[in-house]
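As written, the chain order gives the labels A, B, C, D, E and F, with residue 1 at the start of each chain.
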């Protein structure tokens, strides 16, 4: 099963509230992730994922209409490393700062199979000598698993509302 | 007593830090709420509230000056359902995505009477074929009660800074 | 030791997840701080700090290049009080609302010496009769200590991406 | 080489002529020069513009900052209770010194060099006007200061002409403007007085929208009795406004102002709902308090009266909901729409609650009014890309006249008749 | 006083003349009047513009909203399967009524007053066209409505001329435009047909970018075979496009359209990588699936064919990745670049996966294409501040002709030869 | 029909004439054509503009990107230690190739097609300039490349004339500009040299603001000795700048540059604080380290010297705080204000700390300087809506002359005297 949407889920579970320890772990994971993609080192980014993983940045219109195209779609930690190399060595671009504001996570389920959660985010972009602006807003659809090396993403899909991308998207979301 | 303002409250309580379980519940409530108003199903929105409830979206200038007018002011779950019907069937509008970024909550008090908290938020709007932009920033003044069906809002007042609304406001904040 | 950067830290600690109680305290501290700088009373702001403290708002370019200049740099609670007086009495400026959206915190370490953490934030500004916009995005580098009066900042440095300030910066970040 | 290699000699599409009131070319809504001329001729000269309600500044010294056209002005009550309207622009170096929307002052002080004005806008203080004393070479002398012939009377704040009626304040940069009553005109005055009959008002609060459309599109919208029963589901379904109601369309002699007057009926299905997709036969409110209408004595029959005062005001009475709506242009492609909801000082608490509940129908999120801002923005989208298009306003023919029904675009034609007259060089 | 005290009499820097195809002045990219003329002459008159693929609207009633130049249009399949393109602008008061990018309709209804149009754009319904019945003084009469001579045929949506070829839909506001095949021209047609040979297409999804640069800079970019082997590390390093490959540059007779045709080689170091900083001798993919190229039969040799159709389309075949790229200008300084990635209905799942993997090279984040948007924005930055500058396009001389190599700027010169011809008064 | 139905024939309000230096019409601050002429005549021709400090590029190969007017330029130190200023615009297709504010390079490489330039801006490399070798029909031939007569000397980066004095770097697009010393003028030079007397500088860091006001308003602000003792509470209260101090106003012969020179006094109440609302009799610092002033030998008396060099530089010495402030216009309605705080290489650690503490008074959040950006924005607000207004600068009369006091607007009048001269056709 993949995290695809929240349809069919109970939004008003009389279910017990989330386990504070679990919530703290996820908050911590999201905070570390944001720190690495915003402030580096970018080389540390692939290590947030399992070797076999899905990382995708997908416009909401494709997601909603069931169209498979993503802005970026990677299927292994190797591909993530290829992206890091691309960002650092081969992609010519106007440098910019990005700043992730990650909202509170919504844990959908937690079982032996892993944790599924959905988290809203917004990324603010600042180019040199320009004002900051909203760059990319959306939600993470995550499938997280516990490993001996801490929590890792088996799957992180950033479905973004900001379909009309302000020119380019270089760094990971 | 209504949640009206934080005046008179201690901002530097030597009081014990918030109970992690309580905090986790509120974070979970806010995350579920944001998910529903941003990604649907909108029909699930009224169920976040008690049957008898207050939901208001109010410009900060009216709030600060003690003027009662709100952008929307509902007094029952029925009215919320009427709004849902309006959004779905009767209000003609340019469709847009909204994305709530809910900040960390500040719990003011928790007693038998319920939980009072204040939480900053910002909503990013994305219209088709336009760039994303800041749409509505403000704070939630919440009065939350525990029910057999989980936490519910007895009162949620969104006091917003963004008094000059970019044309219209259709979906719940 | 000062919090300066996260270089050299493990981003993928097999370390145990953060203590939920500690996390809750920091979330609470950040939420109370944001509430005070956004909604007042501003007089309560200096009390978030130790008498001997560092508070700095620094453009990221200076921080990254090791240049000491900050937009504001204070070294004592007294200086913070002088700022409060300045904001309230001596600084002529167009009034504006500010709204802090504080992301989830990343706790770097917690020991007898205090807690070090890094937290992303964005501040939205709304001037009278203007649309809201992204004003200041960045990260807090915090050094927090426990006192008999609750958690206090020994050091809070707001390193901001939004180097090109939209005219002026009056209220604390 | 010849010129063409440098630049097009002419704009491409010939500008569509504006020769019929019922065919309005898009440049009327988009051209910056036309807009500039509107500011001069419709806002700053020869017209009264709305600035606010006296109830907004009840105390001596109370002020409200607002905009008249694009210019920032302050409505203020002086120590004698007199209401003044002055421009928010220091006569020295032009600083728009007042930075709050509401407040209370004894005088105005510009921060830059502390020039001081009384509440009527007269210059009362200039720091170091007479220079400073200094000892130069052992001799006391005066240094600097304003010239001896400096005349403070020439350097006050711009003072606008002010007229008040029934608690409503109008102002004009043009001191030669005709009297307010004559400006409003005999056919419109009674409808104005019906709402502002002298009872004390109670301010309920404000709503503000920035609508990305030309300001005249909102004037058209409130001069358009054709749309409410078609666009607004609530109006047609609950019988608040629909084509089978008794209605009257009234204009002043210049056709610039108008009143749309109607009386609610029972709603429900009928000839005028056939094929109307916005009619929702089965719509029922979960909580009927949203539409708990209670007639008020002063209505004298009509349940809805919408008054458009040219150029910058709409006065709304929609059953128990009352508001002024202030149009503040922001270039040709946008305007701010500021709603002041009010009731009367002698309203019962129940009536106040009722007005506030019905306010859910209006404003930027209103069950009814949110639509209006949206559709006119969508019209502006078209205009911006279509230099060759004209809109059509020929419902009920091409003439301009009062009517006893609402299947007409006569009020729109009336406004453009007047506009063409005033805007023609 | 004399004029100078009021305003500069002339603009300062003499506008650089545009007399050589190889020296393009900056005003060509920045001047609003030039841009307006481009809309008229290049987009709305005499040219076919891309609007979409038939596969985007497979069902009866399916529509897609898009832009042709700056005007909003709807491509729709009617109940008979016919494809229409109509302007998204109500004939009444101009509302751009369609607010979704995709959907399905039986007819179009404008929300403002519910005028109704069939899918071909014909006006089919006007509420209260014949007024409403009322009883006035005891007599039944008709009130309001449209004039007796109102002719719905004169008030439909703007209908565009439509041409389809191989599942690609083109439209023109100009019904006198030449036939599509003639417009594309003999040299280009076979390359068009190579991709769109009649096989059913499968839409994979969309990417959208707003690029803050003049739209022609992107046309230049895809008519510039010089840059890919220099700017794009992946192209030069992996041999996807570099100067030592067999290549052909083909234009139509007007030199407005072009095809850049090339065949992949092995990559690696060579004469054409010396001193090229973007060549990464040691670059190796951690996961080679990103470039798992499998030749397809219909390629007939070339591995890359990039077609630019003037004014608003790029057709991309880069090994297994296929897309149309639609240019939608937003003023002289920006355009939206909309990518529709597609495959064929009979692709194997493996081929679909391959196309999607290779899509990582393209679009706003693509390993290759992200660069292109960035560099042309950086050119626009220069142009905005430099009225006196001209760009240089003299690689391979100053003539315009097809070539059998890629060390040339002939296609850019060809486009400006045509542009100067059409844009000259 | 006649023209009026189409468009206003003229703009409405007659443009106010600019005939007196002391009455400045609003179009001087808002008109895009006037602004364009300013760029040409004041920034790109005949004037020296500030680009930076040598201490910002201490190492060989160090560069700093900045703006001169609206054009992007690079100040760079070559391998011989020579400082060059070149335009950041590739001669090929115009790309503003340099994307970082600071860095170190051996040469400049444009990413688009890898044209290479040395640090003086000379074109040194053009990939495939001589084409590529290919075998066509069995014959080796050369394909493409630049024409035989291509002259790299004609296609370098724009090289600006450079002048350095005391570690400050100025540049001009105009190679015929007068020598820097002559440009600064005898009265100003000693004040310039007082700060930049040859000691090595230490860069403390940067502050950047975008101020939504015309750039000249900031020049006026620093030529206005009248405001500091009125607007800035700290100045009047702590005696840093107030009307009862010894002061001198000095201009160059053209009256374009100026120095405001003053000596601190004790502050406290006095004749010049009566009625001044910004004077805070009881204000005391909780932490006096914010104003721990220690006189420095090189001051030679004055505690504050503010130098305005026309058009784009302010040099600040406010007790122990030193900075250059660089004006970079962004259209008529905004400019970027870039502060470079510095000290001297031989400062003690205590002095560095002191300079940094006093920096809290300056920049976008400064206890003093935050006000300045705010008030000039509020003036620009007025100007945008008021075509018919002129500001007033008649303090101390209407003449232009140096003074020995600060109750004067002579420096502002001097600047506009010069401006009118240069800007008149």
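In this text, contacts are C-beta pairs under 8 Å (C-beta built on N, C-alpha and C of every residue); 3 or more make two chains touch, one makes a residue touch a chain.
Not measured: the values here are computed from a predicted model.
Novice: In contact with subunit C and with subunit F at once: which chains are those? Just list them.
Specialist: Joint contacts, listed by label: A, D.
Novice: Kindly list the shared contact partners of subunit C and subunit D, in label order.
Specialist: B, F
Novice: Please find the path from subunit E to subunit F through touching chains that uses the fewest steps, and give that number.
Specialist: 1
Novice: Taking each chain's centre as the mean of its C-alpha atoms, which one ends up farthest from the centre of subunit D?
Specialist: Greatest centre separation from subunit D goes to chain A.
Novice: If we define chain centres by averaging CA atoms, which chain lands farthest from subunit F? Would you check?
Specialist: Centroid comparison gives B as the farthest chain from subunit F.
Novice: When contacts are scored as defined above, which chain pair ends up with more C-beta pairs, B-E or D-F?
Specialist: Counting C-beta pairs in contact, D-F comes out ahead.
Novice: Nearest whole angstrom, what separates the Cα centre of subunit A from the Cα centre of subunit B?
Specialist: 25
Novice: In whole angstrom, what separates the CA-based centres of subunit A and subunit F?
Specialist: Taking the average C-alpha coordinate of subunit A and of subunit F, the gap between them is 43 Å.
Novice: Give, as an integer number of Å, the spacing between the C-alpha centres of subunit E and subunit A.
Specialist: It comes to 32 Å between the two C-alpha centres.
Novice: Can you list the subunit A residues in contact with two or more other chains?
Specialist: If we look for residues of subunit A contacting two or more partner chains, we find 20, 23-24, 92-94, 101, 103-104, 122, 128-129, 131, 133-134, 163-164, 166.
Novice: Mark out which residues of subunit D touch at least two other chains, giving numbers and ranges.
Specialist: Each of 99, 101, 111, 208, 210, 231, 278, 336, 371, 375, 378 in subunit D touches at least two other chains.
Novice: Taking touching chains as linked, do they make an open path (line), a single closed cycle (ring), a hub with spokes (star), an all-linked set (complete), or other?
Specialist: Contact pattern: none of line, ring, star or complete.
Novice: Throw together a list of every chain pair that touches.
Specialist: Contacting pairs: A-B, A-C, A-E, A-F, B-C, B-D, B-E, C-D, C-F, D-E, D-F, E-F.
Novice: Using the touch rule from the top, collect the residues of subunit E that touch subunit D in their complex.
Specialist: Residue list for subunit E touching subunit D: 15-19, 27, 31, 33-34, 36-37, 39-41, 69-72, 88-97, 99, 109, 111-114, 125, 127-128, 131-134, 136, 143-147, 150, 155, 420, 423-425.
Novice: Contact residues on subunit C for subunit B in the complex?
Specialist: 20-21, 23-25, 27-28, 30-32, 34-36, 38-39, 41, 44, 47-48, 97, 99-104, 122, 124, 126, 128-134, 148-151
Novice: Touching residues of subunit B toward subunit C in the complex: what are they?
Specialist: Per the stated touch rule, the residues are 5-7, 11-15, 17-20, 23-24, 60, 101, 103-107, 118-122, 133-139, 161-164, 166.
Novice: Taking the complex as given, what residues does subunit A use to touch subunit F?
Specialist: Residues of subunit A touching subunit F: 92-95, 128-129, 131.
Novice: Going by the contact rule set out above, which residues of subunit D touch subunit E in the complex?
Specialist: The touching residues are 1, 4-13, 26, 220, 226-227, 230-231, 243-244, 271-272, 275-278, 371, 375, 378-379, 381-387, 389, 391-398, 403-408.
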